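What follows is one structure encoded as structure tokens, with my remarks underneath.
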Amino acid sequence: MNRWSGMQSKVRNWIAMIRNPNTSAARGMIQQFGFGLLSLVAMITVVPILAVIVYIFIQGIPAISVEFLSGFPREGMRQGGILPAIVGTFYLTLGTAVFSVPLGIGAAIYLSEYASENRWTRLIRIAIINLAGIPSVVYGLFGLGLFVLFLNLGTSILAGSLTLSIMTLPVIISTAEEALRSVPQSFRVVSISLGATRWQTIRKIILVEALPGILTGVILGLERAAGETAPILFTVAAFFLPQLPRSPLDATMALPYHLFVISTQVPGMPIKIQFGTALVLLFFVLGMNLIATTIRSRARARRQW
Amino acid sequence: MKINLNWSEFLITRLIKVSGYSAIIFVGLIFVFLVMEGFPALLEVPLGKLIGTRWYPIEEHFGILPLVGGSLIVTIGAAMFAIPIGIGTALFISEVSPRWARDILKPLVEMLGGLPSVVLGFLGILILAPFLRRFLDLPTGLTALAGSILLGGISIPTIVSVAEDALDAVPRSYRDAAIALGATRWQTIWRVTLPAARSGVLTAIMLGIGRAIGETMTVMMVTGNAPVLPIGLNALFQPVRTMTATIAAEMGEVANGSTHYHVLFFIGVVLFMISLVINVTASAVVFRIKNRSERILS
Amino acid sequence: MNKIVIENLSIHYSDGTESLKNINLSIPEHAITVIFGPAGGGKSTLLRVLNRLNDLADVTLMSGAVLLDGVNILDPKVDVISLRRRVGMVFARPVVLPMSIRKNLTYSLEVAGEHNRGIHDAAVIESLKQAALWDEVEDRLDEPAVTLSGGQQQRLCLARSLVLKPEVILLDEPTSGLDPISTGKVESSLQELRKNYTIILVPHSIQQAARTADYAAFFLQGELIEYGEGKALFVNPHDKRTEDYIEGRFG
């Protein structure tokens, strides 16, 4: 008897709230409902990420062995290891760093410390935003046209690195610039008033304080470069190479491209090896992500401002 | 010693200035090269056929409309589910979740953004496509829908980070003022915070869409690669082909300098233009709205 | 003996803030000259001209001359770097560099090219003693400067400005935000320092101005209204506007 009347009053309350949604009780319920909906949405975003990582991990671990990581592929990739792909990705990431890091940090320093807000500076910013938005396959086309063909570098680590560098440039520039700008302006004023030149101020104080932020940006940028397939499709990637690359002008295998080919174009490819390759690539990429995040949080804790 | 200092400082300053302008140089270079190799397509293929509806390069049919349609339908599908989920997640992280949860969620979403597209495509082939095939009773799971779902997943991190930054940048005083006037937190979000951050949120959406249009590997692996013009809602459940996938798939097999080669570069120019428009508009929105509010506040 | 002579100085910033209108002022050496007045009067602008710090901002028009020991420092051919080593500055909020106490002090020596350890150590000790901070920090010189209290940080900034043995020290409301004890310590340091340095001080209150001034100049909306010796200006101002400000009728 009590349960029924309890439910009755609850229903009566709900009807009252719907009729008059401006009471604080109604507003409270709307808020509860709304917050619940938002948490659900956030879960939809987050849960698949974890699921993907866990799934690849579980499926790929059986393939991981010393031979897998350090051996060469055999039987048309169906057995053996993926060392050349790992080495190739490593070289490409290194090559990208060599070109994009100095250029990117230099550009960021220019924008943050030297440039005044005029038409030219706005043009630079638009150019950077543009570079950031260009589809990766268009970078591949450009790399093919300029580096592989026009400059006659052939399908090589050099061509691939140059292409990836231009692609990575906007990420490095924007994060580095933000890191430099976040250093308090008062430091610059004090340094100048003590008789330092602008470059001395940058070198001794600004760059030093912005370094963790810059580093985080660099690592995140390189992480993207390591995982990209389209830009290297026509500029460097090869599927089967009997030996490791010996010079920057050699073509090379690479993890993303390798995964692409073995999952779409090789019949009878053992699933285990596909997942193993995916896992190694994931490990590479997420490892960099983790390093970047750690640098960022530790630097924030140790900041002297 | 002072002379030495001046000389090296002068040199370094020059180098820095050059790197500053390098971005412009590269954009220009890319544009020039794309046009150089893509322009001949306009000469070699009559314009009518170029915007035709048959893409069959072997028989010299270079109608790019099916490819454009493919990109469009996959992107729109992706946007339809990435935008609400992305904004909702950004709202959750910035307005609802407690501090400790935020410190876990933000890096997690960033991690999703770092996942290589080829890995997502790989999982798409192995899991999503068969699932769609069984669940929706289709002849194949490699459809526009599969592409939309994965593309949505790829765009969400972009939307979430940019939108969340924009929401975070709304001054505390706005929220405090609203609450002091008797609004609930929920009402504050929708009537005060979100409108205040709307330029940043708009930018987030545009950048997310830009990301979706430009994606290559994932779509190449799961949309089935059938260059058929997608018409009607049904097209979502059929294989399509995007512009990006076309370039990636066919570039390897074309003869250098052939018509096919030029047309592929032409498609590249089209993609370049689309991303130019989206990204410049997105940044113009931010500039313009910021200027207006600066005038109001001064 | 006048250390600095300002002749017909006018400045206009591109955003219209704090300009100066035809300033004529002499700054005697080895004394504390106080520049006071309500906000927006041009006091900070004047200070920043004296070490050419206004080069960092967008100045549209600058005319007149500022003679330091007879040489016009507004001349574009002047070496601003060495000027800033001769004219030191202490700002309103203590800004310590993100380094140790020692490194804060030796920074100006480093950028000047002086790397000798002995010279560094001597400079550290002497400047800290002059700023009356040595006793409090002598055993923590290598700790980060941010761990000091507000008053200590500001005295560190004072010490920092003394390291290169400048001839002139500019102080822009150095004790705003400091408690009375720290303020007192800074003021007594200044009294000691003026025996050997030329000091120009923008006070953050009339009382501070009256306490410390050897000479005083009243600035209102970019113009020099009145100039006087010692406490005379505060006790017996000639101009009505000066009197109104001192009496607190505006500002």
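As written, the chains take the letters A, B and C, and residue 1 is the first residue of each chain.
Quick note on the criterion: a contact is a pair of C-beta atoms (placed from the backbone, for glycine too) under 8 Å apart; a residue touches a chain by one contact, two chains touch by 3 or more.
These numbers were taken from a predicted model, which means no experiment stands behind them.
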* Can you name the chain whose C-alpha mean lies closest to the mean of all the C-alpha atoms? -> A
* Structure fact -> In terms of CA centroids, furthest away from chain A sits chain C
* What whole-number Å value describes the gap between the mean CA coordinates of chain B and chain C? -> 54
* Centre distance in Å when chain A and chain B are each reduced to the mean of their C-alpha atoms -> 14
* Structure fact -> For the pair chain A and chain C, the C-alpha centroid-to-centroid distance in angstrom is 48
* Asked: Among the residues of chain A, which are close enough to touch at least two other chains?
  -> 197, 200
* Structure fact -> Where chain C touches two or more other chains at once, the residues are none
* Residues of chain B engaged with two or more neighbouring chains -> 5
* Asked: Which positions of chain B touch chain A when the two form their complex?
  -> 5, 9, 12-13, 15-24, 26-27, 29-30, 33-34, 36-37, 84-86, 88-89, 91-93, 95-97, 105, 107-112, 114-123, 125-126, 153, 156, 160, 184-187, 207, 210, 213-217, 221, 244, 247-248, 251-252, 256, 264-265, 268, 271-272, 275-276, 278-280, 282-283
* Structure fact -> Per the touch rule, the chain A residues reaching chain B in their complex are 27-28, 30-31, 34-35, 37-39, 41-42, 44-46, 48-50, 52-53, 55-56, 102-104, 106-107, 109-111, 114-115, 120, 123-142, 144-146, 149-150, 166, 169-170, 173, 197-200, 220, 223-224, 226-230, 233-234, 256-257, 259-260, 263-264, 271, 274, 278, 281-282, 285-286, 288-289, 293
* To do: Over in the complex, which chain C residues touch chain A? Could you list them?
  => 51, 53, 56, 81-82, 84-85, 88-89, 91, 93, 95, 97-99, 107-108, 110-112, 144-146, 157, 160-161, 164
* Contact set on chain A toward chain C in their complex -> 184, 186-187, 189-197, 200, 204-205, 208-209, 303-305
